[in-house]
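Got a structure here, written out as structure tokens. Questions coming.
The chains carry the letters A, B, C and D, assigned in the order they are written, with residues numbered from 1 in each.
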Amino acid sequence: MEKAVEMIQIVKRFPQVVANDHVDLTVLKGEIHAIVGENGAGKTTLMNQLYGLLKPDSGEIRIFGKKVNFKGPRDAILMGIGMVHQHFMLVNNLTVAENVVLGSEAGIGPLFDLKSARKKVSELSKRYGLHVDVDAKIEDLPVGMQQRVEILKVLYRGAEILILDEPTAVLTPQETEELFETMFRLRENGKTIIFISHKLNEVMRVSDRITVMRQGKVTGVLNKSETDPRQIARLMVGRDVVFTVEKTPARPNGVVLKVENLHVKDYRNLEAVKGVSFEVRAGEIYAIAGVAGNGQTELVEALTGLRKPVSGRVYFLGKDITHATPRELREMGMGHIPEDRHKYGLILQFPAYYNVILGRHHRPPFANGEFLCHSKILSFAENLLSRFDVRPNNVRMLGANFSGGNQQKLVIAREIGLEPKLMVVSQPTRGLDVGATEFVHKTLIQLRDSGVAILLVSMELDEVLSLADRIAVMYNGQIMGEVEPNAVSIEEIGLMMAGHRLEEIRGRVA
Amino acid sequence: MNQRVWSFLVPLLSVIVALIIASFVILMIGKNPITAYAALVRGALGSKMAIASTIVKTTPLILTGLAVGFGFRAGLFNIGAEGQMIMGAMAATAFAINVGWMPAVLAIPLTMLVGMLAGAGYASIAGFLKAKTGAHEVVTTIMLNWIADYFSSYVVTVPMGVGFGTPKSPEIASSAKLPPLMVVQATELTSGIIVAVLAAVFIKILLDKTSKGYELKAAGFNPYAAEYGGIKLAENIVLAMAISGALAGLAGTLEVMGVHHRFLGTLSGGKGFDGISIALIGQNNPIGIIFAALLMGALRNGSNEMQFVGVPKHIIMIVQAIIIFLVAADRIVRTIFLRKKVAK
Amino acid sequence: MKRLLVLSLIVALSVFAMAFKVIMVTDVGGLGDKSFNDGTWEGIVRAAEEIGAEHKVIQSYEQADYIPNLTRAAQEADVVFAVGFMMTDALFKVAKQFPNVYFVGIDIVPPEGTSLPNVLCYIFKEEHAGFYAGYIAAAMTSTGKIGFVGGIPIPPVERFRYGYEAGAKIYSTLHKKKVDILRGYTNDFEDPKKGKDLTMAQYAQGADIVFLAAGACGNGGIEAAKEKMVALVGSDKLVDIIDYVVKNNKGFFAIGVDVDQDYMAPGVVLCSAMKGISMASYYGVKSAWDGTFEGGLKVLGVKEDGAGVSPMKYTKGMIPNRVIAELEYLTKLIKDGKLVIPDTEDALKAFQVPAISFPF
Amino acid sequence: MRLFLALIDIFTNPAFYKLTLTAATPLIFASLGGVFSEITGVVNIALEGIMLMGAFVSVVFTWLTGNAWIGVLFAILVGIGMAWLHAWASITWRGNQIVSGTALILLAQGVTGFLMEPIFGRPGQTDIVGKIPEVKIPLLMKNRFLAQSIGELSPMIYMAFASVFIAWFIIYKTKLGLRMRAVGENPEAADTLGVNVYAVRYFGVLMSGVMASLGGAFLSVGEVGNFRELMTGGRGFIALAAMILGNWNPVGAMWASLLFGFSEAFANQLQSSPLLRVASTTKPLFNMFPFIVTLIVIAGFIGKTRPPAADGVPYEK
């Protein structure tokens, strides 16, 4: 079979680290080739070289047998390579059509023909079943939609080789299934797909061959038909991984958080949460599942005092906290692990020891009157960092210099250090590798077992299913239904995530 | 080389590069650059008087540099130090004219307080508008600068104007004058420099040692995380602008109390604007700002002496421009000097 | 290095010590203002060239430079000029330290109770110069509206206006011609565009002659007049302008200030209200040279040749001879003290035109 | 009552509208310069300096050649040169854009002041060296009101409005414009699509040099015909404010500039009005009017404006 991509003995060094250490990758034409590995294994670096964003220090890249030397993405695009990045590369204030055609716009001479751009994009979206409003601004679109735009961008450029970097993280099971269908359709049309993931079940579902990476090296190239998830995981992590989270049944106590008919508006002043009610009890994990952009963000912001609700009531340990400020909530014992740790969770320019006191910086023992007590802050921070195994164990290092997983550990350490009675947790494992995810999950279970009420908001269905004691599914600002994980099927949850009410689903079945 | 050393080296190396470039300009107009630079050094540091007037010039620059630098640390671009300085000086003068009956121990701190409050109040307008309506502080402070400028020229000509032929206020009461540290002929080395340095130390402590400083920095670096951490953003914006304005107001007040002893129309002379480059050369660090202000003050003062050997003062503006330019693009400097090192 | 420095210092000092030397210290404006600084400098140059003295000018950045610059100048020079009202305090502080150096202050009034034998101050009766401008403007206006554009309303600017208004009032009383005065201020001395805009605003409201007492803003005002005049006449040639004005008895004019600005737009600048700045600085240098220097304050008006009107080189042909003759006569009255031009706001309000009958 | 009459007098006066335009024009040019630069993500505080340089250079070459248009041409070239320095420092060397901008302002002040003596033989200011004559539009001359308001204007005023259209067209109707907006908002995204971020940013900054120098040239050879040290008098900063007020949009910047020009013309007219009886010493307070109006407008009516997301952030690959 023809080789679409050959990367031979690729070496890429960064100041501190060798990101790719003599990596070989061969992708055959018309196959779906998965590249799996933990964060920091060098997958993205490798792909960035294939896409012309980075230049290899040494090694050779061949596309369809032809040796190439990309000066930039433009060269890669010309060779028929397209990439969908993990962090969306979209321009927020432009429309879908403008984003798709950016860089290879239609039009006569220097003029930009928006009309034909719109037409082409909507044709394209129809052909591949990726429905999206071509005139919507990106900033107004939910994350799932934004990803479609990313795929359209690649297809628009007539890519023969598609690189998809963790494409399913933000999709509902149904949407994921649709994406896979699209991928299969593309494969039938002779396109080559490189699929980067660490979700082993998805890799097993779609890929033909699998390249496993660890610490900048290739640790294995496998045919799907000849392997199993356990082998891949071993190659990825270098040890056996516990897949299921060990937990005992919850022993819930009294109600800690009570939400009554809450309505919240988003930053565009549109109603994002439309009358949500639920209760979280001490010692249980109450999860809110759903596709991103269905009001979860606004709900969490309203509960944690970052956004003023329009109407409804919130009670925390019986006290009305509907209009409480973040500081008051913190004083009362509400912890919050935010969805976006770069935006909310950390001050990247602050050292770790400053980050771990955020929210409690103004009161003893960290502040004595107006003055900060640096010695106490430092010893507290050192303690915390060792307890949560944050690496490197250096309290003076700036937040920005920690890896993603360790940044998340910093946030979790800080919030648990608060000894909260309620923990609001949002997307706690987004972008984390298997090892870090395992750590976070264990920590949350421990927290629950110590009697803390936990509200978990996650878009990862696996996570929700393995952690939660009760699950609510949110769609379009409302709760579609509340279920227990062992009394529900994935299909039912998927349908709720797509906007069907539980009664409706079960009524139909019955 | 490590960051700390570089942040100190870059301005120094920039000065050298700038002087080399400017020496060609001096040669072009037929003067000797060595004579010119000798005059520059002599004028800045060559005598007791030279040192005294360098320090006199440095004093307000430290404070405007602090004003702008503090703003930057809290995430605000206070381009309005100019107007705050004027308002501070004007209010302080209005107060200090009438305190003849007060002993100096009372009159001096109270006058400073009045000047700082006026600067703070004036800057708070911009802070308040930003917190309340989101109005960009660059726009509002630019507008406030002009308003202060026109208002002050009205004040010195009408309500506070005295004398024949001169737009100036009456002299302030002698109890409100700062005692000079040293008098060399007519040059008085104002004790304002002590106040300015203390202000820098105060700001340093505020930023690094207090929980308020923690909040201001947090809000400056990442307003979202700050809000998440229970910090009230609106309150912080107003407070940061007020402190920044108080520093600028103090700059104007010290000029009145220590140098001119009265309010003169165009008092600021662009010092508020100089504060921007000083803050950035000093890396927004209060101690760095003291040195950056000293550098500017020395260059400015030395350039007067250059005029006596026939080199126009504009040369020194060009030198300053090149220094600031190179500090902005500090990688240029690093490249120039690192390459040299590698070559050796 | 240090030795080199000392050496150059000695060489420099020994060179300086030989010749008679004049140094002029300006405020932030510096040379090129076509006003005080240029005027003072012109007189210094004239005197210095006559007596063979060295002369140079030092410009200040800001107010904190006055004392250091004056001190440095006094260390080197025999005569030091301080130009501009802002330098008052600095001048007297420094002069006290150098009793053997002569100081001349231009536009400076000694602070109350201060008098130093080595400091000579000159100020000018701007109201006298303004009077000419007002009288000529009132005589020449065809719309009955004349304008005044001031810079910052500091006392010298205001004195120009008092004289201007008084001059217009005298003309309108004597000739029973109704004349309105439009007044505005740019609040700036540097920005020519502001001067132009304000002048244009006054033309737009019907004024046809504008007196520009606004420093460099005035250049813009002159350009405004030129623009209006050229649009009216259809040419910027002097002959065409004179022709048109004489024939149609109308036009757009500016009146210059401080020095003779008539040349800046021939035929368009009707006249300039002049101060005798260069004369003052000339005598300042000369008196120091020949030992007749006397400290104190000198107020120069028409009588002392310290204020007057430009020769109107280009516009004389447009101005009726009768007006010129009347001005000659009134000048004599001012010199004799029979006509007192107001120099304060109150005096202006109280100003009554005395009964004047021309002997012709 | 007198105030009311004075207001009627002002607003019915066609020349008032012409004065609004002449006051707004330098701001329109310079604020467009700001838009061009900042929409690609480079803060350009140097507008003031580039304007001053443009004013100076146009006078020098008008004086040398006798043709004001040649002066304008050279002003544009030097404006591009100044902007290139800013681009070089802040794009190529990823320097601090605000510092680089302040350096350029100081450089322009130093260089123009310094060169006065060698070129014109005297410091401070030049004589009137000539300027671009106004042009009449015959069609508009038939109606008295139109004739006196917009019938006879400096061609540079028409150019300013044409520039607004051109800027709008480039930014919203061309491929380059799409890329400019993308680069100012998310340079990384544009980079991944093969857009040359640096080139697009250079274009934006150099265009800001063209526009700001035109604004400066308008002040000197377009309006007053001479050069005076520091004659731009802070208009570059007002233009910066106009750009923000206009929400980084060429048309918005134009409206903001017009608002400012309108209030300036209004303040001039009102303080000169013979109908209004105000002590002359308080008249300078009228000059505060445009600034107060702007403050009120931004605080009360506009509020939050949104800069391009990557504005002021150097892009590193």
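Basically, a contact is a pair of C-beta atoms (placed from the backbone, for glycine too) under 8 Å apart; a residue touches a chain by one contact, two chains touch by 3 or more.
Everything numeric here is computed off the predicted structure, so don't read it as measured data.
K.L.:
Under the touch criterion given at the top, what is the topological distance in steps from subunit A to subunit D?
P.N.:
1
K.L.:
Can you check which chain pair, A-B or C-D, has more C-beta pairs in contact?
P.N.:
C-D
K.L.:
If you average the Cα atoms of subunit A and of subunit B to get two centres, how far apart are those centres in Å?
P.N.:
47
K.L.:
Between subunit C and subunit D, what distance separates the C-alpha centroids? Give it in angstrom.
P.N.:
33
K.L.:
Between subunit B and subunit C, what is the separation of their C-alpha centroids in Å?
P.N.:
The mean C-alpha positions of subunit B and subunit C differ by 35 Å.
K.L.:
Take the average of all CA coordinates in subunit A, do the same for subunit C, and state the distance between these two points in whole angstrom.
P.N.:
Centre separation, subunit A to subunit C: 75 Å.
K.L.:
Among all residues of subunit C, which ones touch two or more of the remaining chains?
P.N.:
Counting only residues that touch two or more other chains, subunit C contributes 152-153, 187.
K.L.:
Two or more other chains touching the same residue: where does that happen in subunit D?
P.N.:
123, 281, 284, 287
K.L.:
Of all the residues in subunit B, which ones touch at least 2 other chains?
P.N.:
Those would be 150, 153, 157, 312-313.
K.L.:
Pairs of chains that touch, anyone?
P.N.:
Touch list across chains, by label: A-B, A-D, B-C, B-D, C-D.
K.L.:
Could you list, by residue number, the parts of subunit B that touch subunit A in their complex?
P.N.:
Subunit B reaches subunit A through residues 209-215, 217-218, 221-222, 224-232.
K.L.:
Considering the complex alone, what residue numbers of subunit C touch subunit D?
P.N.:
Answer in residue numbers: 29-34, 37-38, 145, 147, 150, 152-153, 158, 161, 180-188, 190-198, 200-205, 216, 219-220, 222-223, 226-227, 231, 264-265, 345.
K.L.:
Touching subunit D in the complex: which residues of subunit A?
P.N.:
Of all residues in subunit A, those touching subunit D are 51, 53, 72-74, 77, 83, 85, 88-94, 98-99, 101-105, 107, 110-112, 153.
K.L.:
Which part of subunit D faces subunit A closely enough to touch in the complex?
P.N.:
Touching subunit A from subunit D are residues 173-179, 181-182, 185-186, 188-196, 308-309, 317.
K.L.:
Touching residues of subunit A toward subunit B in the complex: what are they?
P.N.:
304, 306, 325-328, 330, 336, 338, 343-350, 354, 358-359, 361-362, 366-367, 370-372, 374
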